[in-house]
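Chain naming follows the written order as A, B, C, D, E and F, and within any one chain the residues start at number 1.
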């Protein structure tokens, strides 16, 4: 239902008071077929939203040659839609924009996931998502094989550097947080050095976020923790150096790049009368 | 007013039923100062939306060291906000996400604009924007010095290849479009070769969009047009080869990359009690 | 989709928390038939919205004896709806209010259009529409055979007297507008005398709006323009004197009266059990 | 608060994604003054909504030379607004459209009210209002001196001919209605002849609506009622024959024409720098 | 349609960005059956909203063993739903919460109604309802056999003690109210003693609300009224003493307790695969 | 911001198209003072929403004699509001309805909390809240001293009996849940007997919910858990028997009764001119 609200917004954004070109050049509607195909390799994401978008333009048949999470090669047909010619022309750009962005994220995530294959480490997204697209971008991360971190500030606890600073230190922040946390949520806290790791664990952190530590520092943090909490590593990890982290005894690697630096996968739609 | 609606959506997306961490670690609110600074060079865009976002979190003072459209260097302070500590913590991520994305677009656009300096050619955006962010991304293009193409399907006419195909040809499409167009809009049409250029102009196109033509083909199209219509070039132009287009007698170069391939500019916020 | 939003508003406006009378006098629903008929001659407009309205009241069959844009005589049946008796009673007033107003506009527009038959002149609407009803009233103008001017301030450029005054003159206004206009829109400007006609054309106006000029003045403006721009005539034209304008070499006549002075066409609905 | 929602809708309808002309010709905003003046005689209505509309465009000072319900002559200044030049240009059309329509209704209503001066008869509006404008049009009726009938189906009971027909007669309809009515509402029923008048009163109608009866029939209905219920007369009353009804012992005359046939009062705005 | 809006709100309230548990433990959806049964005796209310709620979760079959307004015993099956297992799990709590609260109100109202059986006295609800649930709680009162008082401040007139005080007395309040009331609404006024009863009736009250009077005072008020107005008794009436009021010549007893003090009826749902 | 949306809904629910009585009896507004006072002992909750509600009715001064979470005695003044007389009359009922319900919950919760004083056991609410009022009712639980369980299905994991049944057992459910859970959330699962306790802990439950177990069974479960997980007790606990649970080594007691069975605290408002 939330999704419907976004779709309405997107359609209003693009079509507003009407598609002047399509209604201008096609006076009487007829049936057509649109085929979405790839112009490069990738992992599909966003396919499940296509029928929801098309529903706003009439009745359509949608055939999936690939499902969300599946890999495709350059020049493969991915999805085929049949129905109102006008509807296809009016929705084409929105559908492609969404698929290209989400598939870009899934494709990029898949690379990280593959690099960590065979380890217990999960690759996590962050809140560095495009405003207004978070649930979709996080969906794409999952389609790529990643694990979601909290969806928003209301569904997880993460005490960051600025929180610690304004709360008056790690101890104070953890004490207050334990008092006020709703049942069922773990407390995660960002730490910067071995001292903070100790302090955080002693005051009840369930997860520690090692921010911008190098491999040696991470190893020390792992040693200190002795399995008393989960460990998330963040900062400085990218697709080129991720192999260096494979053998660490950590639980999560998180990366904002999954959502903010994934490039769009190039897709196109060819249309024909049926 | 539209903007308020987006801001509400974004805040709801991130905060939803409340920021558990901030309200957990800070029981009594106090005043704080947040300073947004750059971690790389760029062109600012999105600053004007910050006060609107902060309004939803209480009363804040906002000081701009840079305005939208202005260039900044790495490690410069850009914007300073003062007010509720809780408000700053709750809005920090949204503000940074928006600024980083929009400044990325403005910075990338500026490069194209500079490459075309001294010519009459305008650099145009397209409809390849992130769903739900179009008016913001197009705003960033303008901040970067670019020119907006139509905001959506309701505010401009562009007959594309799929329209031509389904309408039954260039002639048919243009005839119908002329009959149905609202007063005040030019008719633009996508063409692929010199023959189509001729046909389009003879049937009343006001702008022709040369899609994926090489330099020679573009020159021929220009010759054919004899100034009877405006000319837009699209496809294959990028920041590396744009110099090749500088001396052409064309009106516009459009590029989807401005919005879909701009990388985020890295910004951060440091917070302190005041 | 936009239309659904308006329909919801209208139903809420009329029914709000429930139709006390209908639910009071009919305890158990049954099927009924409602027939909309004319009490005077006219041109139908708004019929296409009836099924959308009825959808909110259950499942209905709708039969059209006349379509939007078709003429009818007094005492003809226009539309027949079958379904829930309660639904018919609850929606009757809204349906009639909409049809009566829109058919009024279509009927009035048709008179202007017929008066201009055989010429190239198009009859245009304006932004003088009832707040909240613009897309419907402009639809009715089209049903009557008229041509739409811009739908709103975001889909066309028209520099009016107050713009010129505050911008500091025709030249300044046109210079700035050319710099800032989005690709694809013509620039229209209001002019009052031959001098302004000259100035407007020289500074790049695509359309000139001759405001409240008499026939002689219009002829002079046409002469000055030498086909370099389109010409719209506005002010002082009404259904009684429109013949005087038939032989002018102009492109458009616009009239706010189409929407603000059209009188409602009298329609009624008779209901029976089925 | 409801009013704010309508205003938002109207502004979105007209401005949508932005006023291209105003933002094009005025790059830097400044202060201006707009004066709304009359081009014919009338009664003002809608003035109270002007500040609410302007609030959406910035901060404005609004000075009223006339208040809602007051009469004005041709060529009088009615309202003066001071503030952002851009804001005035962007809101001008909406403000005038609303004032012209509502003042038209108030002016027309005032004529009926004056014709009935000195009697106890109140002039009532109906539900024949423009979709989406009911609360505003009913407000204008009040400004003109009229009395409102129910605002919608949820705030009054009126059993009309179609209700009677489908409910199975006047008796059945009244019996059921009495059983189901919420506390506090009178039951009004439409009647067509003396027999129905009798039946309606005997079965508990609080108000009878005499539909399309002539003067003699109305007099007979009055006689039958013997003051046991209120009497509303509807149909066939217009501004030319209303004098004929002045001496009848009735409570209300209702007329759909108040809202659907009132012509717009011509108003205009002159703008200047300040 | 209004109801849809509430349902959306409730689902958003409970599910928000997704049901993590259900989507976590059930990866592939299948069909299931949920049976709602009673854990105590009661009167059902709210059943009609179940299909509307389920519609938001997919396609479901709903079988009603009991309808709204019908009594049930402990351990009876009331409603059975079949469809998506995930949908049932996601909607279960909302459905039960609504049914339990509304059935509580219907059950409690039924007791009052039964106590007054054989009299002309109607039991009325008040505006003391849970914010955001009024139309549902009033619906439950009707299902229990009660009569609705006005739905809100816009659909009935009730001059209460604070109105009288601020208006300057009973006379002033009634005079102004008569002048300003819309056609079709009765005027009800709260009175505290025999003097006020007299004054209220003399100045045109249609209904008097006897607030917190004892039996003797009520009898005197009845005597004074001589059938010239309706009488509503409020305050101090509860399910234990209601018998004392049975023989009074009054029209209504109203009680806020119907909605604010009804206890939830305990219901549960058992689920199984099908 | 969410709160504003609820407040708008509530005001629309009660006032809709206008408060006929207040606007009828008070023609010209003036200033008044309203004092909310208690008619029984209790704990205040909801006070912080009063200024937000009043904001929709104009400018008001609000003075708090008691804050949310503070206890009050019968016949104490709690809150005083000053401003528009009309605004006070229009908002009175909504304000009281909200305060009475929320204070009822806070008062009831406080009793449980006091009964557990001196232990580590926290009293938790559930999702058995009034549809549309959850965030307010959970706020009231906190004001009463309770701890919130998850706000909705998107902010916590609780595998209930129906989930287990449809997922195919405790093991399957926990395995899948661990695979799919977002980082940062504990996994809670409902168990019915010692066997299930063992199984749940072995398969990684972070919290076990002991449903409807008696004291002996709970003790055994505690013994089995050996501190490896948190323990929540639910079902059968009420204000009369809660002392029996005081000495158990458990973490939480949850009770739906906090929200669904709390009775309204009786409050009233006296109004006077100022």
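Simple rule for what comes next: contacts are C-beta pairs under 8 Å (C-beta built on N, C-alpha and C of every residue); 3 or more make two chains touch, one makes a residue touch a chain.
Just so you know, these numbers come straight off a predicted model, no measurement behind them.
Asker: On the document's contact criterion, could you list the chains that touch chain E and likewise touch chain F?
Answerer: A, B, C, D
Asker: Which neighbours does chain D have in common with chain F?
Answerer: Chains in contact with chain D as well as chain F: A, B, C, E.
Asker: Which of the two pairs, C-F or A-F, is linked by more C-beta contacts?
Answerer: Most contacts of the two pairs: A-F.
Asker: Chain F and chain B are one sequence twice: same or different residues at the contact, by the over-half rule?
Answerer: different
Asker: On a CA-centroid basis, which chain has its centre farthest from chain C's?
Answerer: Farthest chain from chain C, going by C-alpha centroids: F.
Asker: With centres defined as the mean C-alpha position, give me the chain A-chain E separation in Å.
Answerer: Computed from C-alpha means, the inter-chain centre distance equals 45 Å.
Asker: How many angstrom between the C-alpha centroids of chain C and chain B?
Answerer: That gives a centre separation of 33 Å.
Asker: For chain F, jot down the residues that touch at least 2 other chains.
Answerer: 16-18, 135, 151-152, 154-158, 182, 185
Asker: Which category does the touching pattern between chains fall into here: line, ring, star, complete, or other?
Answerer: Looks like everything touches everything, fully connected.
Asker: For a test of understanding, state which residues of chain D touch chain C in their complex under the given definition.
Answerer: It comes out as residues 6, 9-10, 13-27, 32, 85, 88-90, 92-94, 96-98, 100-101, 127-136, 151-160, 162-167, 172-173, 176-177, 179-182, 185, 260-261, 263-264, 269-273.
Asker: How about chain B: which of its residues touch chain D in the complex?
Answerer: Contacts found on chain B: 1-2, 135, 151-152, 154-155.
Asker: If you look only at chain F, which of its residues touch chain C in the complex?
Answerer: 16-17
Asker: Once bound in the complex, which stretches of chain C touch chain E?
Answerer: 8, 11-12, 16-18, 56
Asker: In the complex formed with chain B, which residues of chain C make contact?
Answerer: 122, 124, 147-151, 154-158, 182-186, 188, 207, 230, 232, 252
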